[in-house]
Amino acid sequence: MNDLFTYTLRLGDDALIAAQRTAEWIAAAPQLEEDVALGNIGLDQLGQARTLLQYAGQLEGAGRSEDDLAYFRDERDFLNLQLCELPSGDFAHTIARLLYFATYQHLLYEELRGSADETLAGVAGKAVKEVAYHVDHATQWVLRLGDGTEVSHLRMQAGLDAMWPYTAEMFASDELVRRLPVAVDPSKLQDEWSRRVTEVIDESTCTRPTSSYQHSGGREGRHTEHLGYLLAELQHVARSHPGASW
Amino acid sequence: MDSFQATIDADGRIEPRDAMPEGYRKTLIRQIAQHAHSEIIGMQPEGNWISRAPSLRRKAILMAKVQDEAGHGLYLYAAAETLGVDRADLLDLLHSGKQKYSSIFNYPTLTWADIGAIGWLVDGAAIVNQVPLCRCSYGPYARAMVRVCKEESFHQRQGFEILHTLCNGTQAQKAMAQDALNRWWWPSLMMFGPPDANSTHSEQSMAWGIKRHSNDELRQRFVDMTVPQADVLGIKVPDEGLRYDDEAGHYVFTDPDFTELYEVVKGNGPCNEQRLAQRVKAHEDGAWVREAAAAYADKQILKKESAA
Amino acid sequence: MNDLFTYTLRLGDDALIAAQRTAEWIAAAPQLEEDVALGNIGLDQLGQARTLLQYAGQLEGAGRSEDDLAYFRDERDFLNLQLCELPSGDFAHTIARLLYFATYQHLLYEELRGSADETLAGVAGKAVKEVAYHVDHATQWVLRLGDGTEVSHLRMQAGLDAMWPYTAEMFASDELVRRLPVAVDPSKLQDEWSRRVTEVIDESTCTRPTSSYQHSGGREGRHTEHLGYLLAELQHVARSHPGASW
Amino acid sequence: MDSFQATIDADGRIEPRDAMPEGYRKTLIRQIAQHAHSEIIGMQPEGNWISRAPSLRRKAILMAKVQDEAGHGLYLYAAAETLGVDRADLLDLLHSGKQKYSSIFNYPTLTWADIGAIGWLVDGAAIVNQVPLCRCSYGPYARAMVRVCKEESFHQRQGFEILHTLCNGTQAQKAMAQDALNRWWWPSLMMFGPPDANSTHSEQSMAWGIKRHSNDELRQRFVDMTVPQADVLGIKVPDEGLRYDDEAGHYVFTDPDFTELYEVVKGNGPCNEQRLAQRVKAHEDGAWVREAAAAYADKQILKKESAA
C-alpha cells in the first residue's frame, strides 16, 4: 500500500470516528445550545473525514469511494487513534477528549498547511479554522466545569484522567511519517500540545494527569473493544444492502 | 387595547412591548412553546438514524438537519420569552407532561426510509401549517417562522431526495420507501389537527390573526401537493379512496381515523413514554453541567467586581 | 408466504431475540450463580430459536438456513413480540420480562404439544420443560425482590410496570392463527396467564400493573426503535462476510 | 504436622479437616482464588463476542463456554472456601486489586477469530498448566481441576475448530485467523509465568505438591503441542526463530518479551482497567439484588419459626 494513502487514511479515520462519537450527543446534550455546538463540531469532523477518505480512495487507485472506505472496511483496517473511539462517557469525558484531540488536530493542521501535497495542504487550511473553534469550545467548558461547582470539578478531573492514557498515541512517530515528506511527524507537536493543554487545565483548577501507562495500536489497526460495536452500528445498513446507492 | 385591535384589523404586527389581551398572550405562549417542544422532541426520531445513515453524505445532511431543529427550538423559545416566560419553565412544563408536542413524533423510525418519509411528509405538512404563520400577528413569532420555513423547505426537499434515490434503487430499497409511506401517511394527515367540526380554539385564533386557515383547508392543501409527488416517486399512497376530482380541482381522500390521534395525544402512542423519558434524561443528566456553568459565570462576575 | 412458515417464524423470532437479550447478562449478573442460571435460560431460548428457524427454512422451501433467517433478514421481516426486544434494563426489568414471557411460552408450548404438526409438537414437548424452569426461576426472583428490601420492592414494581404494556401483544389473535389448524390461538391462553402471573405478583407483595395502553405490531414486523440496534450487533459480522461459513 | 508431611511424601491427598502448615494454606488460598478470579474475568473477553457471533451454532457454543467459566469460578471459590475463607471476601480482594487474575485476559478480543485463538491457545495453555493440578496435594482443588480440565479440553477443541473453519474459508477469514495467532501467540507463552530463573515461590510449591513442573517445562510442552496444530491449520506462528530440534525432539523457540508480562501484571495492559471496572460494576449494580435475596431468606426463616 502506498504511504500517502495510509497517511491520509489515518487522518480520515480519526475524523470519521470522532464525528460518530460527537454525534451521539445530538438530542442528548445538557442544553440546547450545546446540541447546536456539538452538532457543528461533529459536522466539521465528518466533513474532514469525507474529504480525506475521498482523497485516500483516489490515492489508492482501486476505485474505492469515501463510502467504500467508511462502510466496507473491517475493524482491523481502521487506523484511527484509540482516543477517538472510546465511549463518550459523561459530558466531562467528552470535553476532555475534545480538548486533547482538537488541540492535537489544530497543531497538526497548522503544520500540514505547508505540506507539499496540495490536497492535504488544502484540507488542513480549511480544517485549521474549524478546529480552532473546537479548541475554544472545549477550553471554555474545561474552565466552566473545572472551576464551576465541587461536583463539576471532580467530574472534569475524572474526564481528564480517563482520557489521558490515550494521548501519547497522537504523537507516536513511525517509519511511515518519517519517510513520507508531505506528512507531519506528530512527535514534534507534543511539546507545544503539552504546553497548551497544561495551561487550560491549570487555569481550570484541575490537575494535569500523570498516569504513566499509555495505550497504543490504533495506527496499526489494534483497537479497543469499543470500536467493533461502533462499526457495527455505523455500517449495518450499508452492509445490509451491498451495492446499493443512497 | 384599542390599538391592539386596530393593529390586528390592519393586518399589522403586535410587538413584545405592545399591549395585548391576556388570552392572546396565553394562546401564543402555549402555541409557540408547543411548537418549540416539537422541534426538540422531533430531534429524536431522526437522531435515531444518524449513527446508521448508509452514506457519509446522507449522514452529514441528517446531522445538519437535526441540528437545525435544535436551532429552531432556540428561536422559538426565544420568541416565547418575549411574552414574559422563561425557557426553563417551559421545559419543565414539557417534562412534566403539562405541555404537549406534536404527536407525529410519537411514532418510531424503523428503517432508513423513514428519514426520507419524515422529511418529505412531516416537514411537508409542517410547512403547509407554518407558511401562514409567517404572517402571524405576533411579530417575533412571525419572524421566527420565516427563518424556520426557509430551512424546513430544504429539509423537505432532502427527504424527497432520499426517497427518490430509494425508489430508483434496488427492489429492497423501493419496498422500504413504500413501507415508510404506508406507515407515515395517516399520521401526517393528522398533523393538521382534528376535523374543523371538532376543532376548539380555532375561531378565536383566527380572529387574532394567529391562525389563518382551517385544519381541513390545510389538510387538503397538503394532499393536493403531496399526491403528485408520490406519483413522481412511483410509490402508492395507502388510501383506496383517493381520487382526483377534476371539477373541484382537488384530490378526494379518506379521512384518517382520528381516534388514533386522540389516543396518541392522551399519551397512548408507540413512543410517547420513550420520547419524554429521553428528553428528561438528557435534561437531568445535564443538570450538573448547567449548574457548573452558572457557578462559573457567578465567579467571573465576582472576580471582575473585586478587581474593579 | 405460507402460513405455517410465518407462524413458525414468529415463535422462532421470539426465542431468538429473547436469547440475545438474556445473553447480555452473562458476565454482568448480580452473582455468579445467576450468570450460570441466565446462561442456561439464554441457551434454552437459543436452542428453541435454532430448531424453529431451521424448520421455518424447510417450510419455506427456498433453501434458507437458520443462519440465513437470523442474519440476513431486515428489521421489518422479524416477527417477534416487542416484549422480547426491549432493552434488558436492570435485573428487576429482566426478571419481570422473564416472568411474563416464560409464563406465556409455557402455556403456549403446553398446547402446542398436541399440535397435529409433528415437528412443532416435538419442539414444544422439549421446550415446555425448559420453560417450566424459566418460570420457576423468574417466580423465585419476583418473590425475593418484591418481598426483599424496600429498594428491591420498588425496583421490582417498576420492572413489572415497565414491561406490562407489552404483554397484551402475546395474546393477540389474528386471521393466521385462526385459520391455521396446527397453530395455537394465543387469545385462549390469556386468562390462565393472567391468573398465574397475578398469583406470583400478589405473593411478592407487588401490585399487578393496570396500564391500559398496550403496544402492538411485532407480529407484522412493526417494532420498537430498539430492535434495529440489536440486529446491527447480531448481524454485523455475518453481513460483513456474505457467503462465508463459520 | 507429621501426618501432613507423611501424606505429601506418600503423594496422598490433604483434605479440609487435616492439619496443614499455615504457609501451605495461604499459598493454596492465593492460588485457587487467583484461578477462580481468572475464570470470571475470563468471561469478559469472550463474552464480548456472544452478541456478534456469526452463526447461531457458534453463538450457542460460545454462550455455553462462557457459562462453563462461571461454573468453574463457582467450583474454585467453593474449593477455596474449604480452606476457611469466604467467596465474598475473595471477591473484595479481586475488586480492590489486591488479588490478581491471569494477565492474558487483559488483552482485547478484536475479531471473531480471537474467540478461536482464545479457545485454542489460551485454553490450550491453561490445560497444560492445569492437568498436573489434577494431582495436586490438596484434595478439593485437585477434584475441582479434574472437572475443569475435562471441560477445558472441549473448549480447546472448539477453539481449534473455529480457526479450522476460518482457515478453510475466504481469504478474509484466513487473514483473520493469522492475525489472531499473531496477537495471541506471545501472550499465551507468557501464561506459564516468568522463566524458571526468575520464578519465585516455585520451589516451596513443588515441595508441597501444589506445583509439579517448572514454568519452562510447561511452556515447552505447550509449544511442542501447539506448533504442529498451527501447521494443520496452515497459519504461521509469528516466531522467526522457531525450528524443530530433531535431536532433542522439541521445538526451539524465541523467548517472549517478559517485560510486557511484568507491565501487564502491574496493571499496564490494554484492558486491565476495563476488565476490573466491568467486574466491579456488575458487583455493585447487583448489590441491591443480593441484599434483597438475603432479606427475603431471613423473612422466610422468621415466618417458619413463628409458625412453629
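In order of appearance the chains are A, B, C and D, and numbering begins at 1 in each one.
Basically, contacts are C-beta pairs under 8 Å (C-beta built on N, C-alpha and C of every residue); 3 or more make two chains touch, one makes a residue touch a chain.
All figures in this text were calculated on a predicted structure; none of them were measured in a lab.
Student: Could you tell me which pair, B-C or A-B, is linked by more C-beta pairs in contact?
Tutor: A-B
Student: In whole angstrom, what separates the CA-based centres of subunit B and subunit D?
Tutor: That gives a centre separation of 57 Å.
Student: Taking each chain's centre as the mean of its CA atoms, how far is subunit A from subunit C in angstrom?
Tutor: That gives a centre separation of 41 Å.
Student: Mind checking the centre-to-centre distance between subunit A and subunit B? Centres are C-alpha means, answer in whole Å.
Tutor: About 34 Å, centre to centre.
Student: Let me have the rounded angstrom distance from the C-alpha centre of subunit B over to the C-alpha centre of subunit C, please.
Tutor: Chain centres of subunit B and subunit C, defined by C-alpha means, are spaced 37 Å apart.
Student: Tell me, which residues of subunit D touch at least two other chains?
Tutor: Residue numbers touching two or more other chains: 52, 172.
Student: Taking each residue of subunit C in turn, which ones touch at least two of the other chains?
Tutor: As it turns out, subunit C has residues touching two or more other chains at 74, 228, 232-233, 236.
Student: Tell me the shape of the graph of touching chains, choosing from line, ring, star, complete and other.
Tutor: Looks like something else, not a line, ring, star or complete graph.
Student: I'd like to see which chains touch which, written out pair by pair.
Tutor: A-B, A-C, A-D, B-C, C-D
Student: Considering only the defined contacts, which subunit D positions touch subunit A in the complex?
Tutor: Within the complex, subunit D contacts subunit A at residues 45, 48, 52, 108-111, 172, 176, 179, 183, 263, 267-268, 270-271, 274.
Student: In the complex, go through subunit C and note every residue touching subunit D.
Tutor: Listed in rising order, the residues of subunit C that touch subunit D are 16, 20, 23-24, 26-36, 39-40, 42-43, 46-47, 49-50, 53, 66-67, 70-71, 90-91, 143-145, 147-149, 151-152, 155, 233-234, 236-238, 241, 243-246.
Student: Can you list the subunit C residues touching subunit B in their complex?
Tutor: So the residues of subunit C in touch with subunit B come to 74-76, 212-213, 215, 217, 222-225, 228, 232.
Student: Which bits of subunit C are touching subunit A when the two form their complex?
Tutor: 74, 228-229, 231-233, 235-236, 239-240, 242
Student: If you look only at subunit D, which of its residues touch subunit C in the complex?
Tutor: Going through subunit D, the ones touching subunit C are 40, 43-44, 47, 50-60, 63-64, 66-67, 70-71, 73-74, 77, 112, 162, 165-166, 169-170, 172-173, 278, 281-282, 285-297, 299.
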